[in-house]
Structures are given as structure tokens and as C-alpha cells.
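Next come two complexes, and both contain chain A; in the first it sits with chain B, in the second with chain C.
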Partner chain A sequence: MKWMLFSPEIFYLLAALCFLLLSMTGRLHRRRDHHIALALAVAGVAVCVASLQLEGSLFSETYKIDLFSQVFKLLLSVGLALVVGICSELRGIQERYEHEVYLLLFPCTLATMLLVSSIHWLGVYVSLELSSYSLYILVALRKDWTQGIEAGLKYFLVGVFASAMMLFGMVILYGTTGTLDVKQLAQILPGLMSHAAVVVGLLLALSGFFFKLAVFPFHFWAADVYQGAAHQIAAYIATVSKVAAIAVLVRMVAMLGGSSDYFVHVLAVLSVVSMTVGNLAAIAQKDLKRLLAYSTVAHAGYVLIGILSMNPGGYAGAIFYAMAILVMKFTVFLVLVKVAWDGTNLEVDGLAGLHRRSPLLAMALMVALFSLAGLPPTVGFTGKFLIFTAAMERGHFALVLIAMINVVISLYYYLLMLRAAYLLEPQEQCSPLSLSAPIKLLAGALVVVMVAAGIFPRYLMDLARNAAQGLM
Partner chain B sequence: MPMEFAGFPFLSAILISCLAGFFIILCLPEARAREIKWVGAVCSGMTLALAIYLFFAYDKSRGGLQFVERVQWIPSLGIQYFNAADGFNLPNLLLSGIVFFTGVLTMWELEIRVKEFFALYFLMVTGVFGLFMSMDLFFIFVWYDVSLFPMYPLIAIWGTTRKEYGAMKLTLYLLAGSALILPAILYLFVQSGLNTFDIVRLMQPGTFTAYQQKFAFILLYLGFGILAGVWPFHTWSPVGHVAAPHGVSMVHAGVLMKIGAFGVLRVAMFLCPQGWQHWAQLMALLASIGIIYGVLVGLRQTDLKYVIGYSSVSHMGIVGLGLSTMTVSGLNGAVFQMFAHGVMTALLFSSVGYIYDRTHTKAIAELGGLSRIMPVASGYFIVAAMAGMGVPGLASFWGELLVLLSAFETYPIRGTLAISALAVSALFMLRVVQKTFYGPANPKYVDLQDVPFSLGVPRMILVTVILLFGFFPSLLLDMIETASIPFINGLPR
Partner chain C sequence: MVTLNSYLTLSAVLFSIGAVGVFTQRNALIMYMCIELMLNAVNLTFIAFSRYLNDLGGHVFVFMIMTVAAAEAAVGLAIIMALFRNKETVNVDEINLSKG
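Up next, the complex of A and B:
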């Protein structure tokens, strides 16, 4: 029965195999594939819900199943299901590669699930590579060949560079402690944290996830990759991939990071620079996806505040914020996919007239933008509130103030997007957007979730708290 | 959830009327503009009725917090949904009810994107009511933001002069205020060690050290002060007033700026009385500069709405000056002035709104001689302008009198300057009245209709209120004193 613990991972492995077989049949059945993918993704959510309460460990205690990992697996599966939900028309992807999209999305999700449970650096590394390689390919599948290849190559180069740094960090950790098992490290490291080598090793080892989360200085890929990838793939990178990165950072910092001021200082600098650079760069962007990419960099900075607070409140805040990012970023991408239905890139001004073309999407966009900006009563505000409270408990007053100033800066470009959707009139006549009933339902549900989780955050907060409690 | 209600939750009923209006309007189709407006009128009327009821049902002999409603919202963080009424917030609730209701009626002639307008309008006002009645720091912050963010679309879509610029400037300024408020609130929350956002518990003497109070007070004062139009952070306010559609200007100048002053009172002064004492000199200085500056800049304006905008800066300076005196009468005057200025400025914007809708200009030079064409519309404006000058018999008189008397005692020099500035303000209001409504009539506008009775209703209500509280100031003062006397007596010496 121990294998029950592994059921979400097994499920996603089988799903991936299923698509491998389907792709071998050769003929493309767009609708059939999409339906199968959707059914499997939703079933995956069910599996993750069913295994939410499981606890235990596998593979000689290098793989931990606890509430923390299961909550994140649930989030990842929800993220995948949402992304698959907007894949009904993959116009941004080259037709002959459409098979491969699901074939790669499922293993990538599997890899992120492995990530959140791994507590051995080798396991972490291997899972990270699996998820990254899937994404490198997915990014390059863009219909506009040059764009896709450029983005894929950039992603790949920065990614392997980050991987190399990560390996180097792991080597240093191994050299100083003689182990890569996180549990053992957690016992050895507290006594060694005064050694610069250990701190450097740990930071380098985490750099793979700074890369995934697009923390400064590992953020350079973000704008180009978002712009170059198909919308659905960018949505996946912006949601699922970020959630996984947050999970690993939270777990590793919670287990290994304690009792070093240097470490906290470095994280604080990364956080401040990330949010400032991200927000200032986002102001200058014309392309919607580039703008979202830089806003992601800024959000990485906010999440880091929660992580570097190193108290249960901070971790809970980061977990809650991961949920928030998933919902609000996805909502923006949903709008993007529907407005830019032909799969081409969209400028911010391309949202013009959205309030008439589809009032529902315009409203969803408005709520998502206010949530991203962290205005109450939305889920984004609650996330920021939890993070800032935790940081204040650790006396990081300046950090909170800087973050709040950044929130105001970010509001500027979110309002510009809102202005485009509600105020600008399109150059040429644009017909109303026709949305299928499930998409309408989805957009409505997302709005409700974002607002309801902002007004009644109690149960989600308790879930995040309990998950964080298990880490310490 | 453990709950505690003292009788029927009247305060929540106000919020529920607003939200009910919001949801009903959201569900109505865009084409049913008439129905949307009627829903707006009925729901806002209900809030006004409830506010009036609360105002008169409050037991002044008992004082203190009444109509308490308390629901544990997020127990792990000590967050409660905690509403109560006292002598400070009841006048503001009444004011919000009046301005909200008359604002909806003022926007009766709106024709473009009616549904979105009223939905956002209701959302904004929900935040306003919520902030005034809340006694929980977390909720105060939430309501603060809820009352602000609908402003951007409201101004940017339905506004006039430089609307996008005005909307963006206003939103960013006010949210910059919240960037100071949230850290300060969290700082107080953490430093108290009580794990609660409950103002009543946090305001117990000895909760915070003198240093903590000084530190938090200045952040809160600046944060809320931006919204109260404190000089030199006022620049968003005239621009925003001018750009906003009339009904929004009314709520905006009439109520939203009061939120700022009320926040200074309820959060900063309640929680950090020693900080207040420490920074009172600065508050008085900035307020006096605001009074003088607003008047002088107002003198040079050529746009009718800019004139009102700068007079608001000046009048809000009086509120600030009253708050800085640390005396009972100063505090009474400040709260009275919040109310009086709210009603007065709402009337100003409402009457300008009518004129602008007909003439499509706000330039004073172009209007000229309007009193011959629209005697009634001009009459409304002139009454409001008189109130702005502080003419006895109108509500503002009492507020200004109380504040200036106590300011004169506490800060003789600044008090004197402020009084002389008000003399100039009479000049500037009279100049506007003379240029706009007297002199030769502009032939372009000769054929325009005067205000019909149905559209005059909101203005009549406002005039009545101004006169009522002008002749019977004790109605309001007795109420405010139930809160201000215990508050001043409870201050650490």
C-alpha cells in the first residue's frame, strides 16, 4: 500500500504514456486529444484531492509526502487542468507538433510534483531538469518558427547556466558536509552557517529555482520566453512552473536556511531588486506578455519576502501567495488567449474595446489586475497581507515599506492595462468575442474565487498554515 | 463563527443595501438604464434612511460605542468584522448617506455605460460606509482601498477635462497613501503583541511606547493625510475633482476626503495619542499652509471646478487645523467642518454639474450672467458658495468658528493667518459668483432651461441640510461631544 503515496505521480506518468501512444498513431485529432487531456487533467485533480491527507516517505527517505507537498501537488494539478482548459485551439503552435504539447505538459507536471516532494538534492536536480527540458521544447514549438526558436534557445541557455550553478552549489554543499540528503543537511548545517562556503553553496544550489521563479539576476529569460512562447505555454510557465519553484524554495529555506543573517540579507537584496527591477521594467513594456513577464519578476520579489522571514507565517504567506499567483496570472492569460485567438502576440493596446467585445472577460481582467496589484478584497491582497505581516514580525519594516511602494508602482501599468480594456476604442471594427459556455463559466468561477478567497480567506489560510507547520 | 450583535445590525444593513444595489445593477442588462437608476435611487435612499435612523437613535446620554456588531473573521490573526457607531462616525455616516443619495440623483441624466457607472459607484460607496463604521484596523484598510480603486474607471471613463491624467494621478497618490498606512498598521499590530486589529483594545493606554507612537503616527498621518488633501500632498485633489463626473466629484470631495481626515482621527490619533501630541505642531503648520495656499491658488483659477477643488484644499485645511489643536472644541469643530464641508461641496459640484451638462463649459469667463438664464441653478451654487465663505446661518460657519477659536488659542500666529486667509476666501468666492452669475449674459446660453423641479431634488435636499445644521448646530455638536469629551479627557498628560 506504500505505493498509494505515489499515486499522483503514477497517474501523471500513465497520462504521459497515454499521449505518447496517441502521438504514435500519427493522425491529429485536435478535439479528441483535447478532450482526453482535459479529462485526464481533471482526473489528476481528483487524484490529488484524494491523496491530500497522505503522509509518509519513499525511496530511502529521500522523498517526502506531507501536507505541504500534497497541497502543492493539488495546486500543480489544478494549474495543469486550467492550462489544458484553454488549449482547445492551439493556434500558436505549429500544427505538426500539436501532439507533443500534451505529451510534454504531463511529464512536466509530473516533474514539478516530484520536485515538491524531493528532499534529496539529486532528486531535486533530476526533477528540475525533467521539467525544464519539457519546457524548453514546448517554448520552441511556436508557430512563428523564428520567435519560438529564439525564445527556446534563450530559455535553454539561461536554464543550463542556472543548472550548472546549481550543480556547483551542490558540490560545495557536498564538499563541506559530505551529504546531499536534505534531512541530514538540516542537522549539520546550523553549526556551519557561519562558513561563507556553506552560505554560498546553499545560495548557488537554490539558483536553479531563482531561475524558475525569475528572481533577479536570473530573470533575463522571462520577457523573451513569454513573448516567444505560445500563449498557453507562457500561461503554464507563469503559473505551474512558478508554483513549483515557490514550493522548493520554501521547503529548502525552511529546512536549511535558519540561523544565518548573511543568507537572509542576500535574499532580502534579491527580493528588493527583483520587485523594483520587475516593476520598473514592466512600465516600459508594450507587449502584453512581456509586461506580464516583468510583473512575474516583481511577484517573485514579494514571495521572497515571505520566504526570507523564515517563520511559519512567512511560509504560510508564500504558500498562499502561490495559490494567488496561480489563479490571478491564469485569469490574465485566459483573457489573452481569448482576445488574441489567432495565437499572435498582443500589445497592451490590443485589449481596446474589450468591455464591449466581452464584458465578462473585461470584468475578469479587472479583478485579476486588481488582485495582481494587491488591492483588497482580492486573493492577491490577502497573500501580500500575510507575507507582510510575517515580515513585520521579524522586524523587516523597511522591506515591507519598499514592497508597498513597489505595489504603487505596479499599479501604474496594471491601470494602463485596465485603461486599454475599458477606455480605449479599437482602431478597426472588432466583433464581439464569442466564448463557449465552459469558458464563460470558467471566467466567472475565477472571478468568484479571486474575490471570495479575498473576503473569506480563513480556510485557505488555515490550509496554508497547516502545510507550513509541517515544514518546521 | 462566534458573533455578537447588540440588536438589529443597522450598520451592516447599510453595507448590505449598498452591496444589494451593486449586485442587482450587475444583474440588470445594460439597456435597462431607467431601472438601473431606480435601483440606485432606492438602495441609496435606504442607506440614507438607515443613516438618519442611526443618527437619531444613538443614545447621547450614554455615549460610547453603540450598535456594536462583532464577528470573528480570521481568528488566527485577530481580525474581526467589528462595526460600531459613536459621536465621531455618525455625522460622517449621515453625510455619506446624504451625498450618496443626492449623488445618484445628480447622475440621473447619465446616458453612457450606465450600468458600469452605477455598479462602480456603489462599490466605492460601500467602501466609504465600511470605513466610517469599522473599528478593526484590517477592515479599515480594506475599506480604504475598496473606496479608492473604483475611482480610476469612474474618472477615466466618465470624466471630462484631462480625465485619464487626473484619474491616474489620483489613484496613484491615494494608493501611495495606503503604502504608508499598511506598514504602519502592521507595525502597530506586531508591536502591541496582542494579536488583534481591534482598535478598542489597541487604544488602551500603555499598549505602545512613546517612540512607537511617534513613529506610527507620522506614517499614518501622511498616509491618510494624502487623502485628506493635506498640503503639500493635495495636488491630486483639484485635478481629480475637475476630471471626475459630477456625482463622483460629489462623493469624492464630499466624502472621500473626509475618509482621510477621519482616518487620521480614528486610527492615528486614537492609537497614537502621544504621537499626536508630538506631531501636532507639524499638523497645524501644514494645515495652515493648506488653508492659505488653497485660497491664494483658488483666486487665480479660471475653471469653475478648479475653484471648488482649491477651496476644498483650503477647507480641509480647517479640518486639519482643528484636529491639531488637541482641544475639545477644536475636535468638535473639525468633525463639524467635515460634515459641513461635505454637504457644501456636494452642493457646489451638483449645481456645477447641472450647469456644465447644459453649457458644456466650466470656464468662468464664458459663463457670465447665468443668474438671468438659470436663476434656480445659480441660486443653488450661490447658497453653497455662501456656506463656503462661512456665512452665519449656514452649516460651515459653526465648524470654522469652533476650529478658528481654538486654533487661535493654541497656535496664535497660525490661527491668525488662517483667519485672515478665510477673509480672502470670501473674496475669492464672491469673485467667482460675480463673474459667473452676474454681469452680461452670454447670448449662446440664453435658450437654456433652468433646473426643473425633479432634477432639483438633490440640490434642495443639500440646501435643506446646510440650513438645518446652520440654524441648529447643537443637533450635530451634542453628538460629536459624546465622543470628543471622553477622548480628550482620556489623553495621557
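Up next, the complex of A and C:
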């Protein structure tokens, strides 16, 4: 019954095929497609929950299924279900291509799932590319042709460049160690970490994921792509794709990174620059999605602190933070999709009067922003707390100090958004936003999750700890 | 007798030409070709190491890279074509967004 281990992946493959068939039927049935997608995505979550406890390996030990990978598969499936949940009106996407959104979203999620389980460079490379290519196309499908295509082109060029760098790193590692299997590499590498070539190779091999996570040298696509992509697609990039990148970075660094000061120092520099650049650039942004993009860059920096601490606490912190990012970022995008319901881009000031137009969304936005800024008692605070304590244990005091300063800087623009939503009066009279009951329920549930996971984080923390335990 | 070092030098040079080209060229098509050059430099290195180490893994990887690069060409050229149909240009400097 080995195929049972593979059940989430098989499920998502079948779901993708189902949409392939649907897209061939010709006429667009928007509601039908959305209902099917939602049903499949929710069923996917159920499949991932059911396979949470599975353990084993497939394909001559190049594909590892453990608690770590299954937790992340669950997160990815939840992310997809949430994003599909806000796809009921795809006004940002060109009508003739609406079919293809689900057709591309499902394989992309499948690819991210393959990514978190792969422990062979070949699997890592192929699944990374599969997920990226789906996203390049999804970004380019924006209704406003020029914006979408330009963003798609930029995403494509930067992404392909990053993957060429990643391949170069892999080939260096292959040349110096003679193996492409990460598990064998983990046994050989610790003795070789003093060689510069090995460290450079490892860093380059991770650059594909730095690109996905929008870490410093590969961050400059983020703002344009978020701005150019349809809101739902930007939400997908900000949540699912980030979670997958964190997963791979955690696993690879946990398996390969040990005992090289040089490696840690480079990661620390990347982290500091990402945080600072992200936060300072975000202050200057007027467009809401560009602002969110730079805040993502900053969050990538925080996550890197957890990863470079290289202790179980740090990995658990990074895993917890991945969960937090998924919920917080999605909530902001939910508000964005509902406020900018016609699919156009929204300025920060466009949030004006939100507390009167829809008190529920305003509250969801408030909690999400507090959480992003790391104020207690929200999930974002717990995540940052876990990461920073893990870093302090390893004596990275300066790093934590810089991160704290950055948190303060980030408060400024999060509060600007909040001020727009609560204090600014809109220029012209705006009608109240009408929300469907499921969306209201979803917004309420997200608020509850963010606060509850902040006050009682024990369950999630234990899950993250157990997942991180299996890595070492 | 061609040694491993000559292959590595050649592919390092190719990779550098590609990487420099991506940053200096402004034509999307040429940038894309430069990236392909980088990929092929990687392929050459893989083959060279594969022969040197007597390990088939590198060969298999090269086949995968070539296959994936074909898919990449399909996606990338489609996006570049769509851009050209819209703007009558493939020069990335004439694109408004690409400044940030």
C-alpha cells in the first residue's frame, strides 16, 4: 500500500486533470467551476489531514514523507482552499482565460507539495520549476493586459535567472561531493564545510528558494509582480508559494547547513538586508499590493533568522511563522479582494471609511495588521517571539536587535493602513460592502484563529516542534 | 587530451557571459537567450563531472534540464510574444513597471 503515502499528491493531480477536462468543454460556467474547485480544495485539505501521520519514503529514498512534510502539505492545501475561497469573482482575470486559473492553481499546489518532500536535487529542481511556470502564466493572465504581461515577464526573467543560479550551485555540490542525493550529501558535507566551493555551492543551490521567498538579492520582482497580478493570484503567491519556500529552506539548511560560520554569516547578512530594505521600501509605497510585497520581503528576513539559528527552536519557530504568514497575509488579501471588488489596484487611502462600509472587514484587517507587526496577543507575536528566543539562545544578539528595530519601523506603515481604514473619511460617499455569508464566516474565523493562536499557541507550537524534531 | 579543467573553464566562461548578458542587455529575447546560455553552461559542467566521477546521475540531470528548458521556452516565449503584440516592443526599458 505504498501509494497511500502519495495520496495528497495523487489527489491534486487528479483534481488538476479534472480541470483540464473542464477547460476543454468550451463554455465558461463561472459558478460551476468555482463550486467544483472549492469542493476539490476542501476535499484536498481532508486528504492532507488524513495523511498527516504517514511516514516513509518513496522512489528509492528520494522522496521523504514525515511529519514535517505532511504538516507543510496540510498548510499548502489550506492555503489553496482559502485562495480558491476568494476566487468567486475573478474580475482581475481576462474572461477567456478564467477556465485556466484553477487548471494552473492545482498543479502549482501539487508542485509545492512535491517540493516539500523531495530530498534529491532532481526532484527539487523539477517541482520548483513546475510551480514557478504555473505562476508565471497566472500572473500574465491579468485583465489589464499590459500590467499582467509586464509583471509576468519580469517574474519570468528573474525566476529563470534564479533557477540558473540554483542549478549552478547544484552542479558545484555535485562536482565536489559526487552525489545529488541530499541524504547522502548530509553525511558527506559536514566534513567539507571548510571548503569555500562547498559553501558557495550550497548558497547558490538555495538561491532558487531565496527567489521564491523574495529574500534580498532576488527580491526585486515582488513589488511589480504583486502589483501586476490579479489580487487572488497575488494572494496565492504571498501565502502558498512562500510557505513552500520556507519549508524547503528549513529542510535543506537543517540537513546540510550545520557547523559553518561562514554560511551562517551570509544568511545573517541576507536576513538583515531583506528586513531593512523591505521595511524601508514599504514606507514609501502608495499602492497597497506593493506595500504588502515589501512587507513580505521583510518577513522573509525574520524567517531567515529562525532558519540560520540552526537549532530545533529556530526551525520550529520558522515553521510556526510559516503558519502565521499564511493566515495573516491571507486575511489582508481577503480584505483587499473585497474592497477592490472590481479587480483594480487599490491605494492605501482607498481603504478610507472601511470601518463604516464593513466593520467586520475592518476588524479583520486590524487584527491581521497587528499580527503582521507582531503585537501581542496575536499569532504574529508568538511567531516572532519563538524565532527571536531561538536566535538569542545561539547568541545572535545583534541580529535580534536589528530585527526589533525593523519591527518598530514596520509598525509605521501598518498603522498607516489602519489609519486609512479607521480614521480617514472617504472622498465621496461609499456604499456599504455587501458580503456573502460564507465570506463573513471566513473573515470571522480568521480573526478568531489569529487571536486564539496568539493566546493559546501550545497546540501549534507542539506541532511545529514535533515537525522540526524529525528534521534533525 | 582534454582535461576536466578545460571543460570547467569553458563552462565558467559561458556562465559568466550569460550572467553578464542578463544584466547588460535590455532586449527581453536576448536576456532570455543569455539565461539559456547559463543553463547550457550548467549542462556542460554536469556532463563533465559525470564523466569524471563515473556517475550517471549527472547525465540524467542534464536530460531533465533540457526537458524543463523546453517547457520554459514555451512559457517564456509566449509571454514575450504577448508583450510584443501589445506594445510592439520587447525592450524591457520601455516597460513602465520594471523600475522598482
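The rule is simple: the second predicted complex is superposed on the first by the 472 of 472 C-alpha atoms of A that agree within 3 Å, B and C clash if a C-alpha of one lies under 4 Å from a C-alpha of the other, contacts with A are read in each partner's own complex, and residues count from 1 in each chain.
Assume a residue touches a chain if its C-beta (ideal position, glycine included) is under 8 Å from a C-beta of that chain, and two chains touch if they have at least 3 such contacts.
Please read these numbers as outputs of a predicted model, since none were measured by experiment.
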item: First, second, both or neither for A:Arg290, with chain B first and chain C second; value: second
item: Touching partner for A:Lys154 - first (chain B), second (chain C), both, neither; value: second
item: Touched partner set for A:Glu100, first chain B, second chain C, both or neither; value: neither
item: Which superposed partner A:Val408 touches (first chain B, second chain C, both, neither); value: first
item: Residue contacts with chain A in the superposition, chain B compared against chain C; value: C
item: Which superposed partner A:Met461 touches (first chain B, second chain C, both, neither); value: first
item: Partner chain in contact with A:Tyr174 - chain B first, chain C second, else both or neither; value: second
item: Partner chain A, residues of chain C touching it in the complex; value: 8, 15, 18-19, 22, 28, 31-32, 35, 38-39, 41-42, 45-46, 49, 52-53, 55, 57-58, 60-61, 64-65, 68, 71-72, 75-76, 78-80, 82-83, 86-87, 92, 95-98, 100
item: In the complex, chain A residues that touch chain B; value: 355, 366, 370, 375-377, 381, 385, 388-389, 392-393, 397, 400-401, 404-405, 407-408, 411-412, 415, 418-419, 422-423, 457-458, 461-462, 465
item: Complex interface listing, chain A residues touching chain C; value: 121-122, 125-126, 129, 133, 136-137, 140, 145-147, 149-154, 156-157, 160-161, 164-165, 167-168, 170-171, 174-175, 178-180, 220, 223-224, 227-228, 290
item: Residue ranges of chain B touching chain A (in the complex, touch as defined); value: 73-74, 76-77, 116, 138, 141-142, 145-146, 149, 152-153, 156-157, 164, 168, 171-172, 175-176, 178-180, 182-183, 186-187, 189-190
